[in-house]
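What follows is chain A paired twice: with chain B in the first complex and chain C in the second.
What follows is the complex of A and B.
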C-alpha cells in the first residue's frame, strides 16, 4: 500500500518524533506543521513591529503550556503553581544578569542559572512531596500555595535593604538595578569574550530566537514522550500501582518529570524577563497560575500539540478581549468551564479525533483518502 | 498587670486565629472533608455570602438576619453549581480541581465586572473591652464562638439525624446506599448546598470584619483547604479542630516573634511538615492511636 511506504519514509526521517503518544503522525500533519512554521517565520514580513512583540510573548506562553502538558497531561501530576518556576527563572535571570553584566559583557551565566535554579527548586520540592507520597490533589494545591507565598514575599521587598549585589528586588516596583551606576536589566546577550550576539526583546531577532527555542522544545518533548520514558509517564498516569508493581520507582519518575517541567517553565521565565527587561511579583500571582491551566485544559492536556495550540490561540484571544474591556479573564474562565463540560479531553484533541474518524469513514466508504493508516487502530 | 495583658493578648490572638481557620473551613468540612468533593470556588461562595450580608445590611436588615440571608443565598448558589457543573466531575479529582478553579475565576471576575473593585464595608459590632493597657474587639471572640458552635452543629447533624445517616451512607459506599433506596445524587446536591450555606454564613460573619471585594475569596479557599487536608478524613471534626489548633498555634507564636508574613509562611510550613509525617492527616493518626490503646486495654 502506498500509504505504508509514505509512513516508512516518515519513520525514517522523524523516528521517535512520531509515535502513539502524540497526535498527528501522518504526512498531512507534518505538512501542516511545516506550513505553520513557515507562516510564523514569515510573520515579521507582513506584521507590524508591535504585533511581533506581542507574538514573541505568545510564544513564551507556549513553553509554559508545554511544561504543564508534560507534567499534568502525560504524567498525571497537576501543579496549580507552575508559574512559581516561571517566576523563579525570571527573577534568577534578572538578578544574575544585573550582577554579572558589567564583568562578563553577556548573559550566558544568567540564562543557564535561570533554568538551573527552578530545576533545583523543583528537585527539592518534588523530593519532599513525591517521596512523602502526597496525594495528587494536595500537590496541586500546595504548589499554588508555594507560588502565592513567593508573590507575598516579593511584594513586601520594596524596602531598599532588599538588594542582592547590583540587583534591587524592588517589591511591587519590579526587579531593577540597585543604584544608578549599575547596568539596566538586559535582554539576552549570548557571547564568548568579544563576540556577542544580542537579542533585544522588541526585535525580530528575539522573535526568531523564541520561535526556534519553542520548536526545539516541542520536538524534544515529542521525542521524549514517544521514548520508553514517555510510556513510563503514561503508565504512572494511568495506573501508578500497576506501574510500581512492574518494578518502577514512580516517585523517581514523578520527580524527574517535575524537574523537566520546571526547567521548561524556568526557560519561559528567562525569556519573559529578557523580552520585557522587567519582572514583577505578579508573575507568581493567581492569574499567572490559572492561565496555563486554562490553555492546557482547553487545548487538550494529553497532547503536546493540542496544549501548544490552546496556549497560542487563547493568548491571542485574550489580547483581543483585553482591547474590549476588563472581560478577558471572565471569558477565559467561562471558556475553561464550558470546554471541560463539553470536551473533557480538550477542544483540539477532540477535533483531531473527529478528523481522524472522518478520514477513517472516508477510507471505509470509498477505499481511499487519508494518508495516516493504522492510526485509528493505535488510538484505541 | 503588664504580663497579664500580654498573656491575655496571646490567648486572644490564638483564639482569633483558630476562629479564622475553623470558620473558613466550616463549609469545606462537609464538602471536601466528608463528601470528598473538591471545590476551589468555595471562597467565592463565601464572597457571595459576604456581598449578600453587606447589601442586606445597608438596606436596613439587622446584621444577624443579613448573615442568615447570606447562608440561604450561598446555599442556593452552591446547589446550582453542583447541578450544573460539579456533579459531572465526581470521579475525576484533578479535573474537578481545575473546573472549580475556573468557576472561581468566573465568579470573581463577574463580580468585579458588576460591582466594580470598590470595597464594601460593614461596621464591626459589639465594640471592645480592655485588659490592662490593651483593648480587644469583642466580635473576634464571637467569631471564635460561632465557629465552634457551627462545628458542633455539623457534628450533631451528621451523628444523630436521618439526613446525617444517609449522607454518611452515601459517602461510605454510594452503590450500596443507592441499593437501599437513598437518592445519592440528591444527597450530593443537598450536602453540597449545606456546605455552601455554611460557607455563606462564614462569609457573612467575616464581612463584618474584613473588607469585601471580588477578591475576598481566594485566601479563604486556600486556608480552608489546608486546614481540612491537615485534619484528614478519618474523623473530620476532631481532625479539623486539632489541625486548626496546631496551625493557628504556629502562626500565633511566629506572628508575635517576627512578622505577619513570616506567620503565614510558618503556618504553611507547619501544614507541609504535618502532611509529610502524616500524609493522611492528623485524625488518621488519632484514630489509629485510639484503636491501639483500645487493643492494649481490651
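What follows is the complex of A and C.
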C-alpha cells in the first residue's frame, strides 16, 4: 500500500484528528503516538511509586499547556494569567468536596464545579475584555493582574473567619477543613448510586485516570482545531479584522475559545488539588502563570502536540535538574533562552518541519509517495 | 427602496486622526449595480473612505446610508452581513493557510459545509487559480495573491464590493485579466467601487469616476470627462 493510500485510509478512520492544523498526519506519526501511549501506560511496571506520583503531576501540566496552546497558539490570544482558572478550579473543587463529601460520599459535584466555575469566570472576564475590544498585550497583562489579585486575596484569608461551610480558606496555609470534625480534603471519588470509584492521588489508578483524561483532551482538541471552527480560530489569529469583514463576530469567537481554555485549565486545577489533596495561593502566582507560557513557547505554540511535549519534557527536565542543586535554575534558564533563540517557532515544531522537509526531499529524489509536504495539506 | 435610490449614500463624512483631517465632508452616492472608480493623489482619503464604508473605522462626523438605512454605527461584521465586502490595499490573506482554506473561511459564513468544495472550485476557476487549492499562499505569485484576495471578498456574494488597488504590483497581462474579472462581476449586478492609480486600467473599465483631493470630493463624471478636466490634470493626472 502506497503512502497516499495509507493516508486516505487514516483520513477515513481518524477524520478530523488527522487534519492539517496539527503536526503529524501519516502512519509514522500515529505509530509513534501509540508507542508513546503504550510506554506511558507501562510506566507503573518499571518506575517507582515516587516517580509515578511525579509523572501524574507532569501529566497535569500537560492540560495547562494544551489550554494555553488552544488560546494563544491557535486563536492568537496570549494570556499571562491562565493559572487563574487552574487555581479557581482547584479551590472550587476543594471547597465543594470538603462540604459535600460527608453528605454525598463522593466528589462528583466538586469535580463538575471545578470545571464549570472557572468556565463561568472566563465567560464574565471574556465578555468584559473582548467586548471592550481589548487585544494583544492588554489581555495578557490584565489576566496576569487578575491572577495575582486572586493570590493576594487568598494569602489574606488566614483569619479563621474565612470559612465556607466545612472549608477553611486558610490563607498561606492553603485550603483545609474548618474543624477537626470535618473530613480531610479528598482525592477524586466518583460515585453512582451505591458503587464508588476512588482515585487516590498517590495511586497508580490516579496516574491512569490523568493519562486517560489527557489523551481524551488532546484528541478532542485535535478534532476541534481541524474542524471548521478551528479554521476560524486560525483566521482570527492571523488577521482578526479581516476575518471580521467576512461577517464573523470575532468577539464571540474569542470569548468561546477563552471559555474552552478555562474549562481545561480548571480540569487541571481539579486534578492537581485531588493529586496532592492540597491547594495553596501560590498556584495563582507569577511562576505558575509564566511556566505554561514557557512550555508552550519552547515546544511550539501553534501546535497541540508540540506544546504538550514542551510541557512534559520541560517539567521532567526541571525535576531531574533539581537534584543538581541551586545551579539547576541557571541551567534551565540557559536551555530556554537557547531554545527560543534558535527555534523561535518552537523546538518540536521546527523538528517536525525538518523531518517533513527531509521526507519530501527523499520522495522528490527517489520518487517514493509522489507528493510533497505542501500537497499533503488537503482538506479532510 | 426604488431602483432610482442610491444603494450607498454618504453625507458630510468627516474623519480626523488627531489634528489631521483625512476626510473633510464627503457627500457621495452610488447606484445599485454601478461600477464606480475612485481616484486621487496619495493622502486624498481614498482608503480612509473605504474603511468608513466597511465600518472598520467610525467617522468623526457625517452619516452612511445603505439602501436608505443609517448604518453609520454598525461594525464591520454587521455590514458584511448586510452585503458589504472589501479587498484591502495591503491585500491581507491568511499566510499560514492553503488557498482552499483561505476561501473556506469566508465561504463558511454563508454556505453549507457540503457546498463549500464546489464553491471553492468555482471561485478558483473564475479567478484563474484552478489547481492551486493545496498551495500555501507563500507559493503564489503576487498577482495570484491579489486574485485570491478578490476571491475571498466575493466568496460571500456581496451586494457591494470595495476593491482597494486590485491591480497593484500586477503585470500588464494580469491587470487586463483583472479588469475582465471585475467587468464579469459587474455584469452580475454587483455594485463595485474601485480605488486605483493605474489610469490605463481605469480607462479600460471606462466608467463613472470620482476624484478625491485633500479629503474632499473634487470632481465626478465619466472617465473621459475626468480626463478632459484641466483641474484634475493639475492636481493629479498631470503628476502621474
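Quick note on the criterion: the second predicted complex is superposed on the first by the 356 of 380 C-alpha atoms of A that agree within 3 Å, B and C clash if a C-alpha of one lies under 4 Å from a C-alpha of the other, contacts with A are read in each partner's own complex, and residues count from 1 in each chain.
Throughout what follows, a contact is a pair of C-beta atoms (placed from the backbone, for glycine too) under 8 Å apart; a residue touches a chain by one contact, two chains touch by 3 or more.
Keep in mind it's a predicted model, so treat the numbers as computed, not measured.
With both structures placed on the common chain, the touch criterion links A:226 to neither chain B nor chain C. Legend: residue contacts after superposition of the two complexes on their common chain; A:327 is shown touching chain B, with no touch to chain C.
Once the two complexes are laid over each other on the shared chain, residue contacts for A:235 go to chain C alone; chain B is not touched. Of the two partners chain B and chain C, more chain A residues are in touch with B.
When both complexes are overlaid on chain A, the residue A:349 reaches neither chain B nor chain C. Once the two complexes are laid over each other on the shared chain, residue contacts for A:132 go to chain B alone; chain C is not touched.
Once the two complexes are laid over each other on the shared chain, residue contacts for A:248 go to chain C alone; chain B is not touched. Those residues of chain B lying in contact with chain A across their complex are 38, 85, 88-89, 92-95, 97-99, 101-106, 109-110, 112-113, 218, 222, 225-226, 229, 261, 264-265, 268, 272, 275-276, 279. For chain A in complex with chain C, the touching residues are 20, 228, 231-232, 234-235, 238-239, 241-250, 302, 374-375, 377-379. Against chain B, in their complex, chain A makes its touches with residues 72, 76, 78, 80, 128, 132-138, 140-142, 144-145, 148-149, 152-153, 156, 286, 290, 293-294, 297, 326-327, 329-330, 332-334, 336-337, 340-341, 344.
Of all residues in chain C, those touching chain A in their complex are 54, 56, 75-77, 80-81, 84-86, 88, 92, 94-98, 100-101, 104-106, 108-110, 113, 117, 134-136, 139, 152, 155-156.
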